[in-house]
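Mind having a look at this structure? Questions to follow.
Note that the chains are named A, B, C and D in the order they appear, and that numbering of residues resets to 1 at the start of each chain.
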Amino acid sequence: MIDKVMTAQQAVKKYIHNSDTVFIGGFGHAIPFAIAHEMVRQKKHSLHLAKTGADIIFDLLVAGGCASRLSCGWYGNPGIGISNIISKAVASGELALTESTNFSMMLRLHAGKLGVPFIPSPILADGDLAGSVDGIKTIKCPFTEAQYQAHSALNPDVAIIHAQRSDMNGNVQLWGSVGDTIEGCEASQKIICSVEEICESEEILLCPHLTKLPAHKVVAVIKQPFGAYPSYLHDYYQRDEKYYAEHTSDTKVSLKSDEWLQTSVFDHNDFDSYLNSLPGTLLDQLAWSKS
Amino acid sequence: MIDKVMTAQQAVKKYIHNSDTVFIGGFGHAIPFAIAHEMVRQKKHSLHLAKTGADIIFDLLVAGGCASRLSCGWYGNPGIGISNIISKAVASGELALTESTNFSMMLRLHAGKLGVPFIPSPILADGDLAGSVDGIKTIKCPFTEAQYQAHSALNPDVAIIHAQRSDMNGNVQLWGSVGDTIEGCEASQKIICSVEEICESEEILLCPHLTKLPAHKVVAVIKQPFGAYPSYLHDYYQRDEKYYAEHTSDTKVSLKSDEWLQTSVFDHNDFDSYLNSLPGTLLDQLAWSKS
Amino acid sequence: MNTNSESSDKNNGLEKPLITDEIISQARAAFMAAREIKDYQTLFVGIGLPCLVAHLSQSFLSPNCHLIFESGLMEVACETQPLSTASANIAKTAKMHGSMLDVFSMLQRGEIDVGLLSAAQIDIHGHLNSSRLTTKSGKTLSLPGSGGAHDITVLANKVIAVMPSDPRRFVNDVDFITSPNSPYGNREGVAGVAMPDAYFSFDTGRPILQKIYSDRNADSINESLNWDSQISDSLEIVNPPEGDLIERAGIFLKNS
Amino acid sequence: MNTNSESSDKNNGLEKPLITDEIISQARAAFMAAREIKDYQTLFVGIGLPCLVAHLSQSFLSPNCHLIFESGLMEVACETQPLSTASANIAKTAKMHGSMLDVFSMLQRGEIDVGLLSAAQIDIHGHLNSSRLTTKSGKTLSLPGSGGAHDITVLANKVIAVMPSDPRRFVNDVDFITSPNSPYGNREGVAGVAMPDAYFSFDTGRPILQKIYSDRNADSINESLNWDSQISDSLEIVNPPEGDLIERAGIFLKNS
């Protein structure tokens, strides 16, 4: 087998091209911050980012100048509020935003997964989103003549995700809350995955029900402990709630968000360097607790 | 919570009605023989059985007079050959057979799972099956104008399955090869499930990624060790290969299949009685081996 | 059900919270919504006030309801406030970790009895807005967007909105229709809206003040909001939550 | 690759099988198909001879190919013959237990390089029959049906059929078109058929004898079958499998 193990630097350089459509894995959980840091560091640009609900990792990619377009059903800081960075980028014309709904984005990725041109659904027939969303057309059901909306397939060029573990061949094991992650990966042409641990294939064989991605599409496996920080990873570490809570105020003015990019991304050669710059016992404090 | 635990006798009596469309779970694995025995014993009739690939459990239900209609992509004894019982029932007019393909049946169940009226696919546009399958109509993709076949949703009245374990509330845990089982259950209005073990909800919480069925649709949980015999159950027991190998010749003439029903079903009040009638060490010999 | 106990012995060592007006206000709105839920129903739960509704339902009124979150978490025990639909605190109590497709499919199949939502605005047609607000000066304020709100509104068998008292949220026409009250098939759509003083139903297609807490006055509530609503002939007077229930709400909101 | 070793030391204690003509015949057909597979390809594997193709590919020619079965088993090591696509012997070697929907979706997305199929009949158009046969007396003999064969034929980027020598299986028109050679989009369809003597391609849309084992005669093979086929101008002579390869085929077929 080809050894797919490489660094985030190598993977982002080799497999993410400017103008690509990129699916961002993780949903409130297992968010691939390490890979996103590297995308910013390598100054990727003109990307079309696609997702159901967009967490603050999108702030990082938009502030970093990576994205020219965003398609999603929601964007902001979950439970906290709006995204200052995205609102500002849209207002200034730097970022084209197509607002949709989480389920429509999910259906479009799912059509991409199934390899069909569209999936019919009753959603987005009415309301003010109906006129502005992408990739929807009205059709008639050939059986009942009732009207539905055809939600067209979305097949991103590449998906980035973080998971618990993988073997070197890309048999990626992920558990906990998955949201839209699996569908988005299956819909994508290729998958870049960072993991906490790289394990032997024999260990994969002990729990093949945890393997969630088709190995033949996984092009890069990156060993990156805490690669989902500041989000959480089931059975590995808790979310840095303070980081999320302060993020919205930390990004209220451009000056502050520039500082954020500088100290968290540009001051470092890699994600480990960033992790090392965090306050001494922070990562220890985030140790997973069962309850 | 309502305790959903009951016997197969109670579950079949209460939840399977003559003329129902029934999805049969399990795919070469975890085939719900115990529940099927009970359906035969209770002389359920006029059922429409739906499935992708139909294993010999269908022989049991057809020979037992339970089915008046069968929709599937394949029927027979896997790796061995044709189904004498189904061929004969179709030839005699007792059974209406709609032959399809495994993927079309899967798509129809999946449309049922999604709650959409149909899923478009390029399959069944050509060939001799195209003219005779059920639930397919040609449509145009509203985006490309290309032609596809709309595979209409199938929502069975009830699904019967066997799984490794469940709590008393119907949080059913199933692993190993699943085939079409999950989709078929999600598409169905209600689910009857037999399991090897009933466990505490606390045990479910230790591995919620193994829970595969929406508990609110599981109406009956039946404790039935070896409930998938003579098929196998991952991590619990091997398949009785001799049983399957001999089945096809054992059912070549009606006299023999009547005898088969008599000794395996009608001579017993329940599945445990049948299991007790098997040769002494047989079930021990089927103990699961890791390799 | 015990909403009157003054004791906090049952709080399992969690610190007794300071009961603020904000906690009481949220508890009142949530309790009004929770009263609309029947035991054993399947609930699709949004973030914010809907989580408190789910918590109070599960703890006091409908202990066997099935809680489902858009992330794919199912059979959840909503014991502390989650910040997102995938937060670890609810993931750890979930008996099933499914996917987003799984749970939205349930909605679309018609298996979700009640969708619990909040919104920036609700109007007299039952439309909800979570996309953008237009200020008096004509400036547009962007909000995070639909998320699953549009989908839940169209696909749940019934939707109950739960909102703070803020009169700016109750309008004749929302600034933007994120979630149209256009239910699929024969579903009910937005059945009502709970707020800290009262519950309005949309039984006739327009808001009717249907239930009110005993310490509030129907006319003044109805007039305080910025929308054309009526008072039901069969207005129901409801005892407000107190004691144990308020305390549990306080613990829930604090330990998030 | 070593097809010449006479030793069975490597058989890990498995009993050395008696090499029958049937084993040799199956090994020859499977080896002819396996030669068409490139390393690292994704293979969607049917039951019967296709499994032996997968086994010989993995063991000798294309050790890194990805084996996928319709049950949802992926990344399989096909070491012993499975009776069904969900058999425990392959489930135990699979690195991923997905679902039937997952793997057929891969096919439909165009990610399966080669579909490996057998059939009761193949005709000069590349159509396959696994539904029913009409006997000379006009009687219909029912077969188990398509299973995934129709779907694989339409959706795999390329299909290779593998068949026994039986001339009744090679016909000008199949009795029933289960799996039409009508590939979706720009896929290749049925590229060829391997049998114990030879390999026919469908490069021109009709069968052309493209490869033949060195111990066989092209004219006699071509004439022995019941269909209109031609012999390629660039006919390739292939050494038949022997030694280790035949032995491994024997072990595979025996230990099922």
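The rule is short, and it goes like this: a residue touches a chain if its C-beta (ideal position, glycine included) is under 8 Å from a C-beta of that chain, and two chains touch if they have at least 3 such contacts.
None of these values were measured; they are calculated from a predicted model.
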Centroid comparison with chain D (C-alpha atoms), farthest chain: C
Intercentroid distance (Cα basis), chain B paired with chain A, Å: 37
CA centroid of chain A to CA centroid of chain D, Å: 40
Approximate Å spacing (C-alpha centroids) for the pair chain B, chain D: 29
Residues of chain B touching at least two other chains: 114, 116, 121, 175-176, 209
Residue numbers of chain D (touch at least two other chains): 92, 94, 97, 101, 107-108, 155
Overall pattern in which the protein chains touch one another (line/ring/star/complete/other): other
Pairs of chains in contact (touch as defined earlier), listed by label: A-B, A-C, A-D, B-C, B-D
For the chain B and chain A complex, residues of the former touching the latter: 114, 116-121, 137-139, 141-144, 146, 148, 150, 152, 175-176, 209-210
Chain B - residues contacting chain C, complex: 1-2, 112-116, 155, 167, 169, 171, 186, 201, 204-205, 208-209, 211-212, 214-217
Residue numbers on chain A that touch chain C, as the complex places them: 27-29, 52-53, 55, 72-76, 78-83, 87, 90, 99-104, 106, 110, 121-129, 175-183, 232, 234, 238-239, 241, 244, 290-291
Interface residues, chain C side, partner chain A - complex: 47-48, 70-73, 82-88, 91-92, 94, 97, 99-101, 104, 107-108, 127, 131, 142-151, 154-155, 176-180, 182, 184-185
Touch list for chain C against partner chain B, complex: 40, 42, 64, 66, 74-75, 92-98, 101-102, 105-111, 155
